[in-house]
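Here it is, the structure in full.
Naming follows writing order (A, B, C, D and E), and every chain is counted from residue 1.
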Amino acid sequence: MTTHDNVVCTFCGCLCDDLEVDVEDNAIKAVRKACLIGKNKIMNALSHAPAIRVNGREASLGAAVEEAARILGEAKNPLVYGMSSTTSEAQREMVDIAEMIRANLDNPSSYCHGPGVLARQQAGLVTCTLGEAKNRADLVIYWGCNPVEAHMRHLTRYSLQPKGLYTPEGRKDRKVVAIDIRQTPTTKRADLFLQVTPGHTFEIASVLRALVNGLEPEFQDGREEVAGVPMESWRRVVEMIKACKYGVLFFGLGVTQCRNTDINVEQVSRLVQDANKHVRFSALAMRGHGNVNGCNQVMTWQTGFPLAVNFSRGFPRHNPGEYSVVPMLARQEVDAALIVATDPGAHLPADAVRFLKTIPVIHLDPHENLTTPWATVVIPVAPVGVAAAGTFYRMDNVPLRVKKMVESPHPSDEDVLKAIKEKIRHVAHT
Amino acid sequence: MKTSAHLTLIAAPDLPVEAESLLPEHISGKTADEILAMPLLVGNRMETVGERFTVSVVEEGGDGPAELTLTGDLTRFKRIGEGMTGGRLVVEGSTGFHAGAMMSGGELVITKNAGDYLGAMMSGGRIVVRGNAGHFAGAAYRGFNRGMSGGLIVIHGSAGNLTGARMRRGIIAVRGACGDLAGFGMGAGTVIIGGEPGVRAGANMARGSVIMMTRPKEIMPTFRYNCAGRPGMWPLFSALLARADCVFPEAGPETVFESYSGDFNEGGRGEILLRRSPL
Amino acid sequence: MGTLSGLLVTVRTARQGAEMVSDKHGAPYIEEISTLRIHQDDLAELGLEDGGKAALASEHGEIRVFCKAAETPRGLFFLPLGPVANVLFSVHSAKESGVPNWKGIEVTVTGGEGPDKPSGPGQRGES
Amino acid sequence: MRINNVEIEDTFAEAFSMTGARATVTAVSDEWAMRAALAATGFATSVIGCGIEAGIEGVTPETPDGRPGLNCLFFGMSLESLEKQLLKRIGQAIITAPTSACFDGGAAECPEEKRKILKLGAKLRYFGDGYQASKVIDGRRYWRIPVMEGDFVIQEEFTAASAVGGGNFMILAESAEAALAAAEAAVAAMRPVPGVVLPFPGGVVRSGSQVGSRYSFLIASTNVAFCPGLKSRVPATVLPREVNSVLEIVIDGLTFDQVAQSMRLGIEAACVPGVCRITAGNYGGRLGKHHFHLRKLFE
Amino acid sequence: MLRIHNGLIYDPANAVNGEAGDVIIHDGVIVSGAGLSEKQKRDMETIDASGCAVLPGGVEIHSHIAGAKVNNGRILCPEEHRSHVSARTSLTRAGCGLCVPTTFRTGYLYSKLGYTTIFEAAVPPLEARHAHEELMDMPLLDKGCYTVMGNNHLVMQVLKDPDRAARKERLRELASWLLRASRGYAVKVVNPGGVEDWKWNAGAADLDTPTPPFGVTPRQIVTALAEAADELKLPHSMHLHCNHLGEPGNLETTLATMRALEGRRVHYTHLQFHSYDKTKKGGFRSGAARIAEYFNKHPEFTCDVGQIVFGPTLTMTSDAPMEFKLFQMRKGKWASGDIEMESGSGIVPISYAPKILVNAIQWSVGLELMLLINDPWRIFLTTDHPNAGPFTAYPEIIKLLMDADYRMSWLEKLHPRVRRATGLFEITREYTLEEIAIITRSGPARALGLAAKGHLGAGADADVAVYRLDQDRRAMFSRPVYVLKGGAVVVRDGEIVDTPNGRTLCVDPEGGRSLPQDLAETFDGFYTVKMANYMVEDEYLERPEVVPCG
């Protein structure tokens, strides 16, 4: 039996890198230190692999790659989409293919945390790595996120409990504020919980900005409250902000998916910038899928834009809403799709899935999921971080190398994508 | 010679089409065959106008700028009238994204609906939409902080979110309802909304005006009430819009508006004018 | 059995996450993503016991769920992300930035078994 | 040449170049537009003593803001003096008037090359103490200046044009009554002509002046050659025996043709019984470059 | 074998100054033609370089082209990308951007100027993997990156050690370890102490401001790291971005820093931003003359200029507090990222305009430095891309240096008071082609310790740029006729014709195989990654080439 130390978990944006994994006879025997989800993910990494299929029938890898290349090469407005749970090495191949076939290129951030990235295009963002939260943060704000259930070790490793360089007492050295529309296991850990009515992120951020900037808000209806929470409470939050040394605000989908999406985050970003006139303050997005941040990073260094890119003219163009996956499917304007390392069958509205079923879809995934049953071409791949190595980007942009601990019968998605790319190139040249 | 051309769509395409080539100034002096040979990007392949349209061309006496009429369901056609500098472009039907974006002169008329980014970052000229417009009418493209910088957009129907977002000058009149964040972050200019406005109108505006005929659900608490009165500019806007065949019958020259200053997070030099409905 | 109108919010839960990475066709996953978190009083108004069944409908589709009492505000219902919830949403709800309204869609909850049983990811939308 | 038996003297009115501008004053009612216009054009009979000559051109059927409004014409000896006066007059008489607004009336009748820009709104905006704001409509910028009553709107730029000042004719009559009746008739006929104003009270001046004086501190004095009471003492008198009273009509206009047209209409109307002769003032052509030959007006 | 025939060869490192001759290439390396017969030469594949200047490939000593901060800059500026695009071709990848071009496009743009070697100027070890990933996507260039250490907690922990000898020894080990962990090439110091100060919301650091809570001063940091770089015999000296960047009067700090470092090899980067005097009222004045006067007397120092380019660009630096100041002046966009235990970074878009007095002075200061520092082997052409402007402006800057009349013609375009604030317009010096070759390739190659770069002698890497001679030097340097990378023709008539990937240049200094116990404990306690996951793996180095120390 071999024990692998310092294994990087690939599930969420935390990328905990202290896992211990026991491997025997090319099988995972035990996972230690991981959260429940991470443990399950690694333990089940090799299970439920789909068969290679073309049009529902089992096929050879070569035949599947060939069919994939044919579909993509012929498509007049293809969609290349996914990437959030694979390595940046595979993502780089995805971009290359998208360029080559003049496709639309997008990743799941466009309907999850993408608004936070779009906000950075307008305002920028003052942020930090998670270690700054651990070592310095004496004020932590959780806003519209529930890490206890979604980023299970975030509180212990990074944000709430760890004893840091300048927070030797851990939790005792921190004031904690939670803003959410309901009580969650996370909000219960806070010193101050503001239960807000849904849909008012922007107003909250605006009023906090005003208070941070020393302005008195004026309520036309005379009710001194924002999002159902009295102004007193918001004033308390601002007092805490102004009294801290180093504040860190973690925001989740409750902020990015709230009404007006990216504009909320833009205002939150402005709030953080304003706070820096008084104290040091950072904000961090609670990125979900293991390497969804990597999609944004890779797409940005290769295409200039983090999501929603179109190559129909050969050069990258960017416009969320126009080239993001959900509205493109709403307009039913794509005629083929390459979907890798994401599961639209599980993550997209039902009508999106209905439309995808009407066009040829090539799907690469380590597992049977809710897309494999109907995709035109299904190619199983080695699970990254377990049977394939490569780079993942943590929620704070720290890149880590995920490891290969076991052999999979299947190639990595990086290798499959390279094969598809070569085939398309070959077809184009002959 | 003044060229008038009329293109009729043969069948609505399934794929997005980019039709930035179809500008009045581009057809001026061209024959029917030359127009049919102009490029269109369909999906990721280059086609010609002739594969999608039939054309008739009339050369009239006199000088006058060219006039181009497009007929058909052009909902999937993007960039119609993009970058137009003069002449007149009439769409008998609906358009997709970016109609009249970046235009600097001339007139674009759309008889049905327009998609997102109508007149985005335009600097001059006039756009009239008889139906509804999508999001980002007159707004800035991603990353820019200067949206529309001149000209006039009249939308007889409703408009989507972020109408006039980050605009720097010019006038947008929406006869019907308007989405959220009208005039968001604007630096100057005027957005006039007849129907029901969405939330957060005028949020983060540094300067400029959002004029509303219908009371929004809430005025942002970063705006402050000034007074009720008859702003001297309203009759001027009213007269301008009347010339563009856009009338706000609920607001005559004697209409009283409530005035609010904001957004104080950005200095408070912008204003919201809200028509005081007669009791 | 009564009917309530309210706002549905999709969320992550620990169990949903843990089961999703184990087997997306497994019964525990399907059960978890079919479990609605709802306020005790709303539950009572629907005439349901904790764990009772209900139909959840939006303008885009209808699903069957189990109702679990939780410390949620009244009129706000929470369902884990997944193919069950997805039936209630539509690509057409994506506004300017391309994000569907995952964090707030108007729904009605009707207590009772309804015509169909909860059937997992295969649950269908109206059209 | 005679009209209605009145002798039209073979002479010319000598007019000089001025700079003119037209401002449209609007308000909530005709009444308030008129009050603002009257105040702004008041005490503006002659550049000699008032620094500017001005008058109300008339009611305008169409104003930029659709409200009741009047056009006023202002004439100064230079662009600078015109601007100085206008800033004072708009600042003191129009901004101050309730509900008023002030717009460029343009000078469409003047050739483009003779037009100049007066940055009136651009300068008056500072009255807003930093709270002024502007709007651009159809390429024209308007300033909004907050005032106690509400806000005052003024266009940023006004058009100035080279204009004609000091067009005139004189009515030589048998009696004061006849002279006044003739002058009133003339003024009534001249008022509708666009682009001109008659800056003196009621459009009429009874005290025409001559250049210079026996007193060194005066640059002008009563026009002794036309004073009936001095016929016997002033050898240079131009008045025949039967003339007992003289009134003068002075015309400022944006163009030569407008002045000429109004003179023609005025002279025609003035040729009523009791009027002996129509003549005009000139300085032998030394002073002004615009010469209105009375008889040529009728050709 | 390949012959570049009959060009005028400018190879200052070998004292060849515009002599007609051949450059012969074999197997990616330049070889001597001495033993070859005329026939052998004629039979070779031959590039006709008649009428051309033949120079070594350009060597970029300081540019921000890859890594977390640069990518953040790309995210920040979609508007910048919109108007600068390149479509995919059968050879090249698609891309966009000018101030923050995408990785492939960065490779193409540098190559199209005749550059073949490039160094990313600031990489915090924690994010080094990211920088290397991007560099792998940057074709046509040999590349390396500098490891930022000036605000590193471990460095300051070591510097707290009262035992001088132990301190020295331990710092050398640590610097070596950090270079190894990040696969860096040189020790980079950015606003020493100042970035950490700002994490405590403190003001700008002076040379003797103790950094909380360590109590270590910037003076201690720079002297110790310069010493460590020397003792490790690193090919490049410490690469120093001084305190108080961009502030009027900062030349005092710069001079004090230089005095503190006298006798050691030090490279002062973007010296232009650190050479400002101030007026009595606190306004900007050029301090270039004083800096140059001092600098000329100290042959141990090198510098690059960071010349301002008028137009819009993006400032991006590890000097996060400086960017915060800039943001407060300009509002608009501001991105910032604090990096645990190590560093920070900031990005603010900016536009330099000739009619803005401060910008005009900055522009003049850069040129003054280049004209007043008399040894071209010690000052190199950079724009601190993209901080002072995009590197694509190099041909324009070359023209400003080589053509005094052209330089003078700028006076009327600048703010009228600029003449009072600088001495630029009294200088008549014009650079020669040889001097240009020095400041753009031979000098930086020597300063970087790259024995096989920056010259055309036998044994040099066959990185060659061939420019058609033209009195308009901007035109000449904008569009090389040929660029060869490792012996392959990659650019012909200004267009990319081949896209081989370059190598990663790194160092293998002695020691630094592991961290001593106390530092390892600090690491384990306060980093959020495991040390094993911190070290950049071999997979991230494309064709690594170790440049020897010593």
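We take it that a residue touches a chain if its C-beta (ideal position, glycine included) is under 8 Å from a C-beta of that chain, and two chains touch if they have at least 3 such contacts.
Values in this document were obtained by computation on a predicted structure and should not be read as measured data.
Visitor: Which contact partners do chain A and chain E have in common?
Guide: Neighbours common to chain A and chain E are B.
Visitor: Tell me which of A-B and B-D has more C-beta pairs in contact.
Guide: Pair with more contacting C-beta pairs, A-B versus B-D: A-B.
Visitor: Using each chain's Cα centroid, which is most distant from the centroid of chain A?
Guide: D
Visitor: Which one of the chains is farthest from chain E, going by Cα centres?
Guide: Measuring from the centre of chain E, the most distant chain centre belongs to D.
Visitor: Between chain C and chain E, what is the separation of their C-alpha centroids in Å?
Guide: The computed centroid separation for chain C versus chain E comes out at 57 Å.
Visitor: With chain centres defined as C-alpha means, what is the inter-centre distance between chain A and chain D in Å?
Guide: One centre to the other, that is 76 Å.
Visitor: So, what's the distance in Å between the C-alpha centres of chain D and chain C?
Guide: The mean C-alpha positions of chain C and chain D differ by 81 Å.
Visitor: From the C-alpha centre of chain A to that of chain C, how far is it in Å?
Guide: It comes to 23 Å between the two C-alpha centres.
Visitor: If you look at chain E, which of its residues touch at least two other chains?
Guide: Where chain E meets two or more other chains at a single residue, that happens at 76-78.
Visitor: Can you list the chain A residues in contact with two or more other chains?
Guide: 118, 121-122, 259-260, 311, 313, 318, 320-321
Visitor: By residue number and range, which residues of chain D touch two or more other chains?
Guide: none
Visitor: Okay, what are all the chain pairs that touch?
Guide: Result of the pairwise touch check is A-B, A-C, A-E, B-C, B-D, B-E.
Visitor: Using the touch definition up top, name the residues of chain E that touch chain B in the complex.
Guide: Interface residues on chain E, with respect to chain B: 76-80, 82, 332.
Visitor: If we count contacts the way the header does, which residues on chain B are in touch with chain A in the complex?
Guide: These residues of chain B touch chain A: 14-16, 18, 41-45, 76, 78, 97, 116-117, 135-136, 141-143, 145, 161-162, 180-181, 184, 199-200, 203-204, 218-225, 263-265.
Visitor: Which stretch or stretches of chain A touch chain C in the complex?
Guide: For this pair, the touching residues of chain A are 11, 36-37, 40-41, 43-44, 47-48, 110-112, 114-115, 118, 146, 148-150, 152, 181-183, 195, 197-199, 253-254, 256-262, 288, 308, 320-321, 324-327, 329-330, 343, 345-355, 367-370.
Visitor: Which residues of chain C touch chain B in the complex?
Guide: Contact set of chain C toward chain B: 95-96.
Visitor: Using the touch definition up top, name the residues of chain B that touch chain C in the complex.
Guide: Where chain B meets chain C, its residues are 116, 135-136, 160-162, 179.
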